[in-house]
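Paired with chain B in one complex and with chain C in the other, chain A is shared by the two complexes that follow.
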Partner chain A sequence: MLWRRFRNKYHLIGTYCEKCKTGFYPPREVCPECRRGGKIVEKQFSNYGEIVTYTVVSAPPAGFEKGAPYALAIVKMDDNGPNVVGQVVDCDDEKLGMGLRVETTFRKIYEDGKEGIVQYGLKFMPITHENL
Partner chain B sequence: MLSTGAKFAKGVDMRVAVIGVGLTKFGEVWTKSLRDIALEAGVKAISDANISAADIDAMFIGNMSAGRFSGQEHLGALVADQVGVSIPSTRVEGACASGSLALREGVSSIMAGLSDVVLVGGAEKMTDISTEYATTGLMGAADEEWEGFHGMTFPGLYALMARKHMHDFGTTHEQMASAAVKNHHNATMNKDVAQYPFEITVDKVLNSAMIASPLTLLDCSPITDGAAAIILCREDLAKKYCDTPVYVTGSGQASDTLALHDRKSLTGLQAAVDASRVAYKMAGIGVKDVDVCEVHDCFTIAEVMACEDLGFCKKGVGGKFIEDGNTQIGGKIPVNTSGGLKACGHPVGATGIKQASEIVLQLRGDAGKRQVNGAEIGMTHNVGGSGATCVVNIFRR
Partner chain C sequence: MNTGIVGYGAYVPRFRIKVETIAEVWGKDGEAIRRGLLIDEKAVPNYDEDTATISVHAALNALRRAKIDVKDIGAIYVGSESHPYAVKPTSTIVGEAIGASNDYTAADLEFACKAGTAGFQMVMGLVDSKMIKYGLAVGADTAQGAPGNALEYSAAGGGAAFIVGNKKNEMIAKVDETYSFSSDTPDFWRRNLAKYPSHGGRFTGEPAYFRHVKNGTEGLLKKMGADINDFDHVVFHMPNGKFPLSMAKKFGVPMEKMKSGFVVQKVGNTYSGCAVLGLAAVLDVAKAGERILVTSYGSGAGSDSFAFTVSDNVDEKRNLAKTTQMYIDNKSYVSYPTYAKYRGKIC
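Moving on, here comes the complex of A and B:
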């Protein structure tokens, strides 16, 4: 039932606890630190970030065979944003590395085998021109 | 966040004994079905304990994904049916930690006074489907919506931790590989059970097929069919059945976020740290008292992190600790004498019970060529998912 999450999956919208200033992606309705004392609001996070760790997957799960091998990374989003996991695309093998600056890009994720439904979501690509 | 067991840990007197163990041969067992292997392990444990099925008061069965792997749910009833009993029989699920969770449930049932004798089993039949579908099925243990959605795999999740560990602490692939080499060597002394009882070398690990960089095929535990069972009973009844009972003296369980990227640390499992601290406290021992340990080496990096999380060595030096031979039989703290998940095999729901069986054999002095001399205290470390559940159980003879 991925459609429930379309807003979050398409826009990097999560939640944020205003009390302890922590971002959550996927969104959380309860802050694990502040419990009921926290103040959770919706938040659009920065689309820019930095690779914290990465891997290239050669043994894919069902439905991802066509794209393999593909890179996956955990990216720390800017402005004290959350860690987000996603594929890294349009990136040369030599370039892929720890600390690489990336931005989100809206892409096809996979085709649902049974119903042929195409799932879309966010992937990462190296930042083309960084505006400082 | 403190794991809930902590406040109960002190002063818990467990009074539970293990009086029998049973294991099937692990591997691709395509002539036998899930019910066949579950029954085989159960019957072996019952004979080993010298009891009859009529003595058993309850059963707890660890299984992760029979629904996905075999199309069969309702494992509690399935096993009761096969054993031919009508006692309470309950399936327990916590991904790859299901076995150890079932063991904890068995212990709880005896401590609560609900049962005197309990059969705890674990079984998984994983090779009836293709590797791709098994990979998808296993991802049910991670965060389906936020990790699986992107094509993440289990080797992938541990590869993310491996890369970060290498980056932060200078851990090398050679060091990680040395865990696999040791575990394959130990498996050669466990031929009756182990899936891959053959020697490998560090070079072979480095040059085997890439699965999720930096992890290669020989960094990974395999896809396995297998079952394991143990018989627990009230401490004061143990000597009635068995001359060499082994006692459960501590048990810790902790949870963490389902998704890896949500964690504070990517280079260790906080749930393992928490669970082990509770278990040590409950058993009234320190890490130095442990003589032999089975850890959850689903991938080589997992054994490196386990050595650190359990306190065998300092944070960051787990790779060197293993490479230097500290975890070999005869070393400071022998780890995975059974061959571990890597070489003995990893039928996910059965793994925790297999670990417990290995420790029981070691403490009884029945581990044959792989015996750790004079082992008195043993421990198991069983992880569910990428660390969202961890159970640490401590045993003593």
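Moving on, here comes the complex of A and C:
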């Protein structure tokens, strides 16, 4: 059930290997690099980051038609955070690009039909006012 | 009364649609409607925004200003007439998303456009009676207006959140008094499962909005032994621009005292988020020692009136989160078809 992971999904809480200083999101229980020698701890990552790369989805899967075309990006989170995949919203086409500074925004992700559960989570949007 | 606002936050979606754009679709005179309603444009939530997401953003801004441990919040009330679920609280979604503990009471409220201020009064009571340390009250809406209906020119999305506490050194504004005036007045309603609200046209004016806002405000002033001229900023609920300014005229309140909270012209009527968004806008600019009067209005009908005195903390705290004006300025216009798609009018 998704609700077991609300805390991770709503707050960008993943894990971090203190030995090789690598962040993981979604959380990993074992560091793939250090393996049994690693020391994994829970960590809440920064809500700010920078787009590493992106694509624009014009033919979305079922349930995502309303937002199409929409941008999907890999974002490198600040403070040596992990790369996180997410949708970019509230962004003008000409502004979208690699290097764009973004912050997380709490949005609807998916609705399970008209009578089902509404799934919420984090997406990205351009930073309008740094540190606010 | 020993409670006050220790944190406040606003949220307005980025998209806007001009009144003229809507009028053009329905063959109406946009300029005349714009002048009549005193609304230039309204905020349109994105397709992935709803009352829960708006409430979360407003609450996070309130937390930034409050500088409290979120785990100390003991009550969360979200007032709206567009909760995402008929059964399943918005307030617990907000609690989870802001990182609250599980040690809080919560409920969703509905009283047309005044459910946000009703929630504010509820947390005031809980804090004042020391049942909880802090309480969070949110007023937010993604307001509905049927295509072609007069409401479509004003019904907008947005909201504001307030964290209420009782420590004077944490307060941005102290609550001096509150008073409510209610009656069974069927001026505006939405039946169960109906998609759009219905209203009584001109009946929504004198016997509804004006009667309740007037009596709510007068009741507050009488309870305090105060005069409306004692206040530096006044916010009346803004279903459009015309009603609150007419009310101000009747009370003899100059535009100078109305302008800081007069957000309706650029945002529209954010229903449960309306008067509270006006209050947030006032707190963004008010000086320490200034007094604020806010009277909400909810159809059906009732008004909650509040008197606040701004504390010395205001300058330090207001810059800790985005101001209402920052949200108002960050905008992008959409066409009518895009607006109709985002608001579920065509799918």
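Everything below uses one rule, namely that the second predicted complex is superposed on the first by the 128 of 132 C-alpha atoms of A that agree within 3 Å, B and C clash if a C-alpha of one lies under 4 Å from a C-alpha of the other, contacts with A are read in each partner's own complex, and residues count from 1 in each chain.
The definition used in the following text is that contacts are C-beta pairs under 8 Å (C-beta built on N, C-alpha and C of every residue); 3 or more make two chains touch, one makes a residue touch a chain.
Being a predicted model, the structure only gives us computed values, none of them experimental.
Once the two complexes are overlaid through chain A, chain B and chain C fit side by side, free of any clash as defined at the top of the document.
Rounded to the nearest 10, the angle made at the CA centre of chain A by the CA centres of chain B and chain C in the overlaid structures is 140 degrees.
Using the contact criterion defined above for the overlaid structures, shared-chain residue A:107 touches chain C, although it does not reach chain B.
Applying the stated contact rule after C-alpha superposition, one finds that A:52 touches chain B and leaves chain C untouched. In the superposition on chain A, contact is made by A:32 with chain B only, not with chain C. Once the two complexes are laid over each other on the shared chain, residue contacts for A:72 go to chain B alone; chain C is not touched. With both structures placed on the common chain, the touch criterion links A:12 to neither chain B nor chain C. Set against each other, chain B and chain C touch different numbers of residues in chain A, with B touching more.
Using the contact criterion defined above for the overlaid structures, shared-chain residue A:60 touches chain B, although it does not reach chain C.
Once the two complexes are laid over each other on the shared chain, residue contacts for A:86 go to chain B alone; chain C is not touched.
Using the contact criterion defined above for the overlaid structures, shared-chain residue A:40 touches neither chain B nor chain C, since it reaches no partner. Of all Cα pairs linking chain B with chain C in the superposition, the shortest spans 12 Å.
Residue overlap on chain A between its contacts with chain B in one complex and with chain C in the other: 67, 109, 123. By the touch criterion stated above, chain B contacts chain A in their complex at residues 1, 130-133, 135-136, 139, 143, 145-153, 155-156, 159-161, 163-164, 167, 209-215, 259-262, 266. Residues 2, 5, 9, 24, 26, 32, 52-65, 67, 69-70, 72-74, 82-87, 98, 109-110, 119, 121, 123 of chain A are the ones touching chain B in the complex.
Against chain C, the residues of chain A that register as touching in their complex are 6-7, 10-11, 66-67, 89-90, 92, 105-109, 118, 120, 123, 128-129, 132. Those residues of chain C lying in contact with chain A across their complex are 14, 46-50, 52-53, 56-57, 60, 64, 84-85, 93, 96-97, 99, 320-322, 326, 330, 332, 341-342, 347.
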